[in-house]
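Report on the following structure.
Labels run A, B, C, D and E following the written order; every chain starts at residue 1.
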Amino acid sequence: QELTLQLKWVTQAQFAGYYVAKDKGFYEEEGLDVTILPGGPDIAPTQVLAGGGADVIVEWMPAALAAREKGLPLVNIAQPFKASGMMLTCLKESGISDPKTDFKGKTLGVWFSGNEYPFLSWMSQLGLSTEGGPDGVTVLKQGFNVDPLLQKQAACISTMTYNEYGQVLDAGIAPDDLVTFKYEDQGVATLEDGLYVLESTLEDSAKVTDLVKFVRASMKGWKYAEENPEEAAQIVLDNDETGAQTLDHQVRMVTEIGKLTAGSNGVLDEADYQRTVDTLMAGGSDPVISAAPEGAFTHMITDRAFD
Amino acid sequence: MTSALPIIAVWLGALALNAWLARYDTRATRLAVALIFGATILVLWELAVRIYAVPPVILPAPSRIGASFAANTAILWTDFVQTILKGALTGWLIGAAAAVLTAIAIDRSPFLQRGLLPIGNFVAALPIVGIAPILVMWFGFDWQSKAAVVVVMVFFPILVNTVAGLAAADPMQRDLMATWAAPYRASLWKLRLPAAMPFLFNGLKITTTLALIGAIVAEFFGSPTKGMGFRISTAVGRLDLPLVWAEILVAALAGSLFYGIVALIEKKVTFWHPSQRRQRG
Amino acid sequence: MHESVITARDVSLIFPTADGPVHALKDVSLTIDRGDFVSFIGPSGCGKTTFLRAIAALETPTGGTLSVNGMTPDAARRARAYGYVFQAPGLYPWRTIAGNIGLPLEIMGFSRADRAQRIQRVLDLVDLTGFGGKYPWQLSGGMQQRASIARALAFDADILLMDEPFGALDEIVRDRLNEALLKLWKKTGKTIGFVTHSIPEAVYLSTKIVVMSPRPGRITRIIDSPLPRDRPLEIRDTPEFIALAQQVREGLREGHGHD
Amino acid sequence: MTEAAADDGANPTLRGGLPVLTVLLAIVAVWYGAAIWMNAPWVRDQAARAETVLTAGDLMRQTLTLERPVLPAPHQVAAGLWEGVAGQKITSKRSLVWHGWITLSATLAGFAIGTLAGIALAVGIVHNRAMDQSVMPWAVASQTVPILAIAPMVIVVMASAGITGLLPKAIIAAWLSFFPVLVGMVKGLRTPDAMQLDLMHSWNASRAQVFWRLRMPSSLPFLFASLKVAIAAALVGTIVGELPAGATAGLGARLLSGSYYGQTVQIWSALFAAAILAAVLVMLIGALERLTLRRMGLA
Amino acid sequence: MHESVITARDVSLIFPTADGPVHALKDVSLTIDRGDFVSFIGPSGCGKTTFLRAIAALETPTGGTLSVNGMTPDAARRARAYGYVFQAPGLYPWRTIAGNIGLPLEIMGFSRADRAQRIQRVLDLVDLTGFGGKYPWQLSGGMQQRASIARALAFDADILLMDEPFGALDEIVRDRLNEALLKLWKKTGKTIGFVTHSIPEAVYLSTKIVVMSPRPGRITRIIDSPLPRDRPLEIRDTPEFIALAQQVREGLREGHGHD
């Protein structure tokens, strides 16, 4: 049985579970032939799904719910990531210590392309305009890397605990010179890396069976990766066609990712879901989603996979 | 198969209409022909999207794009100013000026010609997607870095064409200058540059569109929260494809206008070139 | 006033081409004095154009020496010693006729008023009054050729080199221009090098007639004219004139014989 | 110019690599200067964070050996290139030769498609009045569509139609490269002057004959100038197409993955590899141009 | 054999230019019979080239009717009725001389062998034997002009239109080519339209001499020649010839008077 998985980003340990499951033969054991398509900054996995280029995608919930409102009926079938790894990382020398008082007038780097929602929601909670000016914050659309912080083009930038933060450290800045604000701690965390399919896929019972097997094997891969970070990192490296990754970085990434997947057995926690929806609906004058979504997730697959 | 019939019918109809109109070569019919051609494409697009039920997140119908355009004029205008007026136009002007000056330097000195041209080829071939992040790192997030990308992109095509143009003056025309002992500046201004104009404009026309592409694409690599590239990449993330296409529409309109203006200036400046005089047979 | 302006000694010029070198000039020796009117006549391909170009420093001889006003041709060129009329009009298509004539004047730094007046004068001289505003491609072949003559006359170069300037003109205009040229020459004392195919024209205009012959291009005869400097058109019916013409014709025949 | 050309022929050093070398040396010198200047703030900051004092020598040494410099020094890029080209088996995924080959094949395919399309459209425009009046504005419009924006859609749409690999990239490359060819050829095909066309007319030459024997030969200088631009454009198109193709292989993927991790040296090596590739391609076209024009007696 | 080949009735041709229309031809009426050799003579800018171009369907008259072989000029052009020699050589720089001459032959579908043989023949005819492999810019002005004549002669068009073909040639070559042209004409019975500025040439060659005058371009005299078709070069010294030349000269004077 063939199945195509579209990742949200390039080949890296963020997706270690899937690569491990593939290389270790977990998919094969289930009788699945899984193709993993790496993503990239210009790939909207939702669009690939709509175009029929993939059966399952890894996507963040804000983007998935936004797409759902645009008429693309995405459904979350599993949630391997329990916690959010997103945070704002600031240089200490910029004088920021308390978000409530210190962001005013500063320049902040933010990821867009569907990743900006939690940030906007946070700013609206803080009562800060994102249009610049002395009483608001100036927002930069941050590119792919941490240069804006190193070049001091921004006081703070978005980072993931498992990736960009490490790059900042690698660049030679000590943790002591940095201040970080995790979205988890600010109460604006949204669910990241979940598995999504189209509603129509769930009406096909053969596909559903495949998905059940897929989720089961993937979670096995995730747990294996948590326990064998070195080996998982090597597997990821072997799958990287660009040949750009380094082992050190991937090992650290697996370790950090482990902290995010640790609390999850793949089943979506409805409380997390609700918190995500609330955060997005609170998004200031231009909320991401205007109405609470219906049927945006299902436990059917995970129920069948893990009973 | 039968579902394709209306598409084929519209296509053939428009083709016939245009062939008939083109026989009357007036300003009005020329405009009409171009518009009918475009309208046909739009109608075919609309029909195809409807008949084959293409999901709007893949390709929205022109009617939806039009609606989105009308609803977002304020955003589109801000983006237009940021990307096209500030980024593309400034960069194009600087890049064109630099290329022409370099071409003159190259033409003047065989030493530079042999030394700079190969290296010019090389710099020009630096892919924009590689330069853009670097230039954003150097020149900041705002339009200045976009203009810098545009400068790099338009430089080479204009250089190549101008160098070819400066070589285009015919031998007798040059000999005349020699018999008058025209100093370099005079023969440059009065012979070489006028003779180079058809080539120079070739380069200028090609680069009008490159400038737009450069300015837009550079915004993918970091930008303030406005600009056409910014809007396109964020709108794709939100699957707001009609807005994406509305921006593309603005880019196409602006690009055609830009090209048209340059072509018009070309007509005025190179009126004497055979390609601009009325063609026989 | 026998001051020599142009001295050629054993000048040779070889063009290398894909199928072997072409000997365009071979051992050409000639002295032209100040105020001479020298015509070059000879079959097509005998090197007339090439020799004129070498004098004007547009070609570099591969052998021999060539000096102009005691300098190298190139130094003379820089000193703006030449007015040159090419065999083809060579007008700049992006300039009007007046603009074309005014071009060397601009380059040589004549004032705007002076330019306008000179342009007017030479346009009248070549019978193109009223055509100053036209573009080259709007004129007939002969008109273009006259415009290019006007251009060379507009600034007062000491040495005028003219390569078949009147080839595309009818007899009457040609006569008129011949007279005008003679008048100009007498008034200004210019030194003129003049290529023509017309024997009567050569005889009528020149103080010295150089007959050339091709393959390799060389001088076969140099005929000094005994005619006075004052030459009404009727001089063409005098026996001296006819004898001279006969002499040139013979020279030409000889050259052709060599083929 | 004639004099310049003559001097040039007389001086043998000019014909060799001396000019290129001189300009190159100048550039490298400026580059080193810039590298020190641009990397210095970071080095100073780091020293301040570590509370050490820097001598001028330290500063210079450190600016030229940073792991992720703002501007890598020439020797760092050279080392990166050497490592990528010679330091690996050419089948390795870390080999620039391997990535270069992937990019090259799509570039050539795209260039071929684009050139043919450009010439075909230009021929149509010159010969057909309806096309003359309708195609050009839309060809212009097509170029203003930001490819990076629609490239993912092209790739996605084509992938869902089962077309993957080289072709989608080649199509994006062709999209970018047909335009310079089109513009240049329209101009070139209209270059013959009235007399030359009149001659053909008086012989009652067919349109095909006028095309092959007059328009085509006289358009060649324009064509070659355009081809040089077009091949560079095709390379850019391919690289752009490589980004959303899942950023897996090719110089574009290399560039981008370097970007994600701020690996400036890797970015610059990939950049240079791409530029060298393009320069070689442009030079090949230049050689072809000289050969053709010489055979035609025009050079 | 008085079959008329070219009939012009009240032909007018006006060029619109930026500063007002130019009346290049006004009410030109003329009949040319099969086998006629018609010369056009007149001051520069009088419309000779324009009239020839109109006959060859390269310009469209703005008034009057023009028919060739009973068809429109354009139909005749399609039937490949014309060989045309332009006022300037107009050789294609990327083709050798032989290639240039072969071009119309290729276009008209002559076989390779036939082409080679014809090229050889016309090269000999215009005295360019051995120059077939050279490029146009390697030839002198007169050689280029001869090449362009050869090109028009290589295919056997019924009607030969020549616009000052011998302007750039010396007298001796010119005489030789005049003779060759006459011989060709007698042998083939072609109809020839010939623009020249030389009165003797016009008289020597033609059966009919058309004198034109400018502004607006029109015909002032049509002179039928009483000379026999067989014309040795010496005919130029006969009283008939000289009388005829005088007639033409007068016609020309008249035209010039109108300025």
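List of remarks:
Methods note: a residue touches a chain if its C-beta (ideal position, glycine included) is under 8 Å from a C-beta of that chain, and two chains touch if they have at least 3 such contacts.
Just so it is clear, the structure is predicted and the values come from calculations on it, not from any experiment.
Least step count on the touch graph, chain A to chain E: 2. Farthest from chain E in terms of Cα centroid separation is A.
Summed over C-beta pairs in contact, the chain pair with the top total is B-D. Mean C-alpha position of chain C lies 51 Å from that of chain D. The distance from the centre of chain B to the centre of chain E, with each centre set as the mean of the Cα atoms, comes to 48 Å.
Taking each chain's centre as the average of its CA atoms, chain A and chain B sit 38 Å apart.
Multi-chain contact residues of chain C, defined as those touching 2 or more other chains: 58, 88, 137. Within chain D, residues 2, 70, 148, 152-153, 156-157, 194, 198, 200-201, 243, 256, 259 each touch two or more of the remaining chains.
Multi-chain contact residues of chain B, defined as those touching 2 or more other chains: 58, 133, 137, 171, 178, 220-221, 233, 236, 277, 280. The part of chain B that touches chain C in the complex is made up of residues 170, 172-173, 175-183, 186, 190-191, 194, 197, 270-273, 277. For chain B in complex with chain A, the residues that touch the partner chain are 55-58, 133, 136-137, 140-141, 219-225, 230, 233-234, 236-240. Chain E contributes residues 15, 17-19, 22, 41-45, 48-49, 87-88, 133-134, 138-143, 145-146, 163-164, 167-174, 197-199, 249, 252-253, 256, 259 to its touches with chain C in the complex.
The part of chain D that touches chain A in the complex is made up of residues 42, 46, 49, 67-68, 70, 92-95, 148, 151-153, 156-157, 159-160, 243-244, 246-249, 253-254, 256-263, 266. The touching residues of chain A, when paired with chain B in their complex, are 41-42, 44, 46-47, 50-51, 63, 66-67, 70-72, 112-116, 130, 138-145, 147-148, 151, 153.
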